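Two complexes, one shared chain (chain A), two partners (chain B, chain C).
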Partner chain A sequence: MLTVKDLSVMFQTRRGPVDAVRGISFEVSKGEILGIVGESGSGKSVTSYALMRILEAGGVIKAGEAEYSGIDLRRAAERDMRDIRGREISMIFQNPRAALNPIRKVGHQIEDVLRQHARATRYDARAKAIAALEAVKIKDAEARYDAYPFELSGGMCQRIVCAIALACDPRLLIADEPTTGLDITTQKAVMDLVRDLIRERGMSSILITHDLGLAAQYCDRILVMKDGLIVEQGDPVQIFSDPQHPYSRKLVDATPRAGTGVRSLLPASERKPEPQIAVSDTPLVEVRNLVKTYAGKSGPVHAVKDISFTVFKGQCVGLVGESGCGKSTTSEILVRLMDATAGQVLFDGADIAAIPARGFARDPRRAQIQMVFQDATDSLNPRHSARQTIAEPLRRLGGMRGAKLDARIEELATLVGLPLALLSRFPHQLSGGQKARVGIARAVALEPKFLILDEPTAALDVSIQAVVLNLLVDLRAKLGLSYLFVSHDLHVVRLLCDHVIVMKDGQIVEQGATHDVMTHPQNLYTKTLLAAAPKPPERRQIRDFPHSEDTDAQHDPIHDERAS
Partner chain B sequence: MTQATDPAHAADSTLGHVLYVLRANPVTMLAFGMFAFLILSAIFGPALVPYDPLATNAAAALQPPSAAHWFGTDQVGRDVFSRVIVATRLDLSISVAAVALSFVVGSILGCIAGYWGGWLDSVLNRFLDTIMAFPLFVLAMGIVAALGNTIENIIYATAIINMPFYARLVRAEVNIRRDAGFVRAAKLAGSSDIRVLATQIFPNALPPMMVQVSLNLGWAILNAAGLSFIGLGVSPPTAEWGIMVAEGANFIVSGEWWLAVFPGLWLMFAVFTFNLLGDGLRDIVDPRKRT
Partner chain C sequence: MLSSHPRLRATLWRVAQSIPVVIGVVVISFLLTRALPGDPAVYFAGVAADAASIEETRVAMGLDKPLPQQFVLYVGDLMRGDLGMSLSSGRSVVDDLANRLPASLELTLTALVLAVVIAVPLGVLAATRPGTWVDHLCRVVVTAGVSLPTFFTGILLIYIFYYLMGIAPSPLGRLDFIYLSPDHVTGFYLIDAALMGDWETWRGAAKQLILPASTLALFTLAPIARMTRAAMLTALSSDFIRTARAAGLSSRTVLYRYAFRNALLPVVTTLGMVFSFALGANVLVEKVFAWPGIGSYAVEALVVSDYAAVQGFVLAMALLFVALNLVIDLLYTAIDPRIGFDAK
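This part shows the complex of A and B:
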């Protein structure tokens, strides 16, 4: 159906031409779901943009052929491409909020594409748009027709984007990271929906993702891309159980899944024994009946409703939940950036919630409670070099100056594995993983007792996530830290934490030892969360890891699921 | 490794970056050249000009441009070239002082409004709206007329009418960064609100501010000249472009065009320079351009 041969895409930049895609060939046959997997910069999105001929300025298809049902996509006139886009090939973009026009009703946005391709007239457009909304299982479609994107949740917006993409019954659907940034249960709902629609209508699809586990679950065939080249392709089970190329092996290793330890995320050559960490039974942080209520426009918003938990010295506690469950509010209160409405936070026995957040900067305990922020890019001042960023807490709270300060910064950079030559760089000159290291170095600079990690790896590629998670394990052992690890991903939490707390709608629905909660979840919501995580196929031979006995029957090979 | 990082280090230094920006954009280079010329004439002009700008010479009144008097002479025989060059210092001082004043006051008000928000924000915004509601030049006229006809009052008047632009710009820039991750991180590092504002948030507002500053310098010069033109502010016989254009305007009909044209050209040159300067200044203060 779609044949791509030796496709090369080049970008003209200030520093000369850059080859984004370097001669790739693949085919998509009728009814097939092809997965293109790779990390940022691998050229996977650029490939799809090239096929749709929507490359940004400066990008050109340098060489190669792309043929779709006898149409030469590389040489087709722009007028013909306009007909093809949406009607023959359509696309789902990564960020649904950015893909929708914020000031147009979603129903009108669906009508736009219908009328563009003459699938509807002025008189029946509304009915057809509502039918399209119903097709993507939006409840109460009639009412949603008049909604604006900001009134809808992220998952709902992505359904609208699907409705727009599928409105004209295209024969090929390209989904570019369709669920990145969505909650895990929403991800499952959206992906299941997309898969069912594709199967129902006999369409073909290309699923572009960085998540090998997701691709393995939903695709018939997977291409692994790196630096603009296809390094491996094949059946998902085969790629998972017996990856041929070293890069695909690294990706498979780095994908967190049931039955592996944090060390096995790393390539075999870089694995070191996992440090033994003793958890003391002295509580470090005790949260008692914490409540946070905001004054919202339509009445008070109860973000945190009376929660209590304890973090012991040396313990790593995972706080898990989906967006809006109150986990970020809780961590902001614990780190004293926000005041609680009621309740106590006992740190080393003294109530720190009683001290207003505004005055806490001068409190002697400020240095002992630190945080690693979710978005490494947003948490670094774009005008400060890595050195200045790490120096900030040392200067302010540590009172260090001059040679002593420089020595400490270099020591910290070595500790987190940041090359010293990078210290003079600004954030925009650093990669995602390097920025994460700068953020961690800043947080541990004053050797805090308690470190809150707010989704520190959410924005990172899996191979970098693997490295950062291992770094956190090492730091915890080396510095005797206690962690509160906030995340939406139970599989990542499982790797790091001894104890896990599951939050929903501002309340704790379940907590307990990580192993117990993961294997025998009691609460229905915890079960839903666990079930929603992509389940990559098991590897044929499980390697040298003591944790591997955790493997259990709930992670069936995906074949059964697809057959159903 | 070291070899690879060396050129990067050269570009990291401030001077290296300034040179890079200048080389990358010929228009910026030209603007900085023109700016340098204005600065040099402001500093050294009075010492270098061939005639005393205030010395009258009735015998040489209203002479057209010649080798002895490049821009000709005015109705009382003063050398127009000397007066145009000497006036640079006064005009630049007025505009730089006025812009500096509105930059500082506007930044402080904008930071307060943008960072703390609430009723303070509402009050400040309505106050700025009130200033903006007047025709700005008429407001400046009123202020100078009320306060008295001095150079300081021209500066204050110009600063007041420009201040809302800075305050609004800073308010918006501060507001979008108020809850940024790096701001929260700075608080965790023990920084007080004021320090967070001064060291973390405000510097990030500098790139758009620089564009505003350079455009504003041009407006401020025009504003000062405009006030002098209608007889407010600087009074004759001081050499000032606005006054010279005003005086020269009477003679255009009788054919002595050079009296008004040359100070007018210099005024245009200065405004043009500042308008060109904006993008270059922004690139220089923006570390993201240091790739």
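This part shows the complex of A and C:
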């Protein structure tokens, strides 16, 4: 149905031409769901834009052929392409809320597509748009017709995007990271819906994703891309159980899944023994009956409703839940950036919730509670070099100056595996993993006792996530830290945490030892969450490199050479 | 409909918000004359007044009473539409303003319409074709607009079109003396003449208007064109444009219904700002073209310490700005459905 041969895409940039896709060939047959998997910069999205001929300015198809049902997609006139887009091939995108026109009613946006492709007239457009909304299982479609995107949840917006894409019964659907940024249960709902619709209508599909687990679950066949090339393709089970190419092996390794340890995320050659961490039974942080209520527009919003839990010294506690469950509010109160409405936060036995957040910066315990933020890019000052960023807390709270400061900065950079040469760079000159390291170095600079990690790897590629997670494990052992690890990714929590707390609607629905909660969840919501997480096929036992686990790399448990 | 209710409430709320501002404006315009150096009674009594007539004026104006009582009197006068007498023109300030404000507004609005008609398409074209000649033209026009002072452009235009080419009428006011000014309905000559069906006068007024309006338009065009271009570039690179293109929508729909409507918000903001500074900046244009507008009136009044006139001017302008801001804010709610909910 779709045949791509030696496709190359080039971007004309200020620094000269850049090859984004370098000669790839693949086919999509009727009724097939093809997964294209790769990390950022692999050219997977660019491939799909090239097929749709919606490349951004400066991007051109340099060479190759792309044929869809006998139509030459590369050479077709723009007018013909416009008829193909939406009617024959359509797309759904990541970040659904941004993908919709913010100031146009969603119903009208669907009508625009129907009218464009002459699927509806002025008189029946409304009815057909509502039918399209119903097709993507939107309840109360009549009322939703008049909604604006900002009035809808992320999952609902993605359904609308699907409705737009499917309104004209296309035969090929390209889904570009359709669930990135959505909650895990929403992700499952959206993916199940898309799969069912594709099967129902006998369509073909290309699923573009960075999540190998997701691709394995929903695709018939997978292509692995790296640097604009296809490095491996095949059946998902085969790619998972026996990856041939070193890169796909690395990707499979780095995908967190059931039954693996944090070390096995790394390529076999870089694995070191996992440090033994002793959890003491002295509590470090005790949260008692914590309540947070905001004054909302339509009455008070109960963000956190009377929760209690304990973090012991040396323990890593996972805080899991979907957006709006109150996990971010809880972590902000713990790090003393926000005041609680009621309740206590005992840190080393003293109530720190009683100290107003505004004045906590002057409290001696400020240095002992630190945070690693979710977005490594946004949480760094773009005008501060890595050195200045790490120096900030040392200067302000530690009062360090001169040679002592420099020495400490270099010590910290070594500790988190940031090459010293990169210290003078600014955030935009660093990669995602390097920025994450800078953020971690800043957080541990003052040797805190308690570190709050707010989805520290959510924005990172899986192979870099693997490295950062291992760094966090090593730091915890070496510095004797206690973590509160806030995440929506259950697989990651399973790898890192001793104890897990599941939150929903401001309440703790279940907590306990990670292994118990993950294997024998008691609460229905926990069960739903676990069921919604993508389940990659089990990896076949590693026979190629049996010696790798324990033997090599004893020298420095923390500093791995890879600067991600 | 469900969504119209909160928006209606937000609109009413916004209108209500302007009431305290109006009260503030009245208080300030009242305090202004009291706070200015010198004794208002001396000024209002006139140059030839002796001590007795100054005292008489003081009592007549109520300036011997305590301040709060004076304020009550002042508000009472305002309610009756009495802004006092202008010393320099010898007429009531209300009459002066009624004559001069429409002249300024006619000039400013014509200039703005002209500027929008040129600047918005120019900005849109420049954004859709970056790096082409349209883009460069846009840049040249913007640079010229911001760097040429209005009095210079005005004089240049007079020199070319009146002196050299002789196609423009003499730059002396709103209407050549051979025409009779139309009956005062709105005070806008173009509208009043059209209402009378007197197209001869209409053409005469339009001819007089074209040079000063072009001068002011060139000045106001620059920020509008620049903002349109920037806003369009931002809108065109948004995710929803990609969605619209991937759905096969025609480039017209994508450009106007999707990109332009989203780009409109910053453009409207700029328009409001441009309008307010154009009203202030047209003093120079009015001087160059002997335009009997409110700007030159205020300047003359200030020079001769004609306090009643200054006070009237400040009040009128402040109310105009309040009204303008209200209109801009209401336009926002009309353009962007998200705003009604943030208003509270």
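Remarks
Rule of thumb we're sticking to: the second predicted complex is superposed on the first by the 541 of 564 C-alpha atoms of A that agree within 3 Å, B and C clash if a C-alpha of one lies under 4 Å from a C-alpha of the other, contacts with A are read in each partner's own complex, and residues count from 1 in each chain.
As a working rule, contacts are C-beta pairs under 8 Å (C-beta built on N, C-alpha and C of every residue); 3 or more make two chains touch, one makes a residue touch a chain.
Since we're looking at a predicted model, the values are computed, not measured.
Contact with chain B, but none with chain C, is seen for A:R362 once the two complexes are overlaid on the shared chain. Judged by the touch definition given at the top, the superposed model places A:D375 against chain B, while chain C stays out of reach.
Look at A:D474: by the touch rule set out above, it reaches neither chain B nor chain C. Look at A:R82: by the touch rule set out above, it reaches chain C but stays clear of chain B. Contacts of A:Q429 after superposition: chain B is touched, whereas chain C is not reached. Residue contacts after overlaying the shared chain place A:D227 against neither chain B nor chain C.
Chain A uses no single residue to touch chain B in one structure and chain C in the other. By the touch criterion stated above, chain A contacts chain B in their complex at residues 14-15, 335, 337, 358, 361-362, 366-367, 369-371, 373-375, 378-384, 389, 392-393, 396-397, 421, 424, 426, 428-429, 439, 442-443. Per the touch definition, chain B reaches chain A in the complex via residues 1-2, 5, 9, 12, 180-182, 184-193, 200, 203-204, 287-288, 290-291. In the complex of the two chains, the chain A residues touching chain C come out as 52, 54, 56-57, 81-87, 90-91, 93, 95, 98-104, 112-113, 116-117, 143, 146-148, 150-151, 161, 164-165, 297. Those residues of chain C lying in contact with chain A across their complex are 1-3, 130, 237-240, 242-250, 253, 257-258, 261-262, 335-338, 341, 344.
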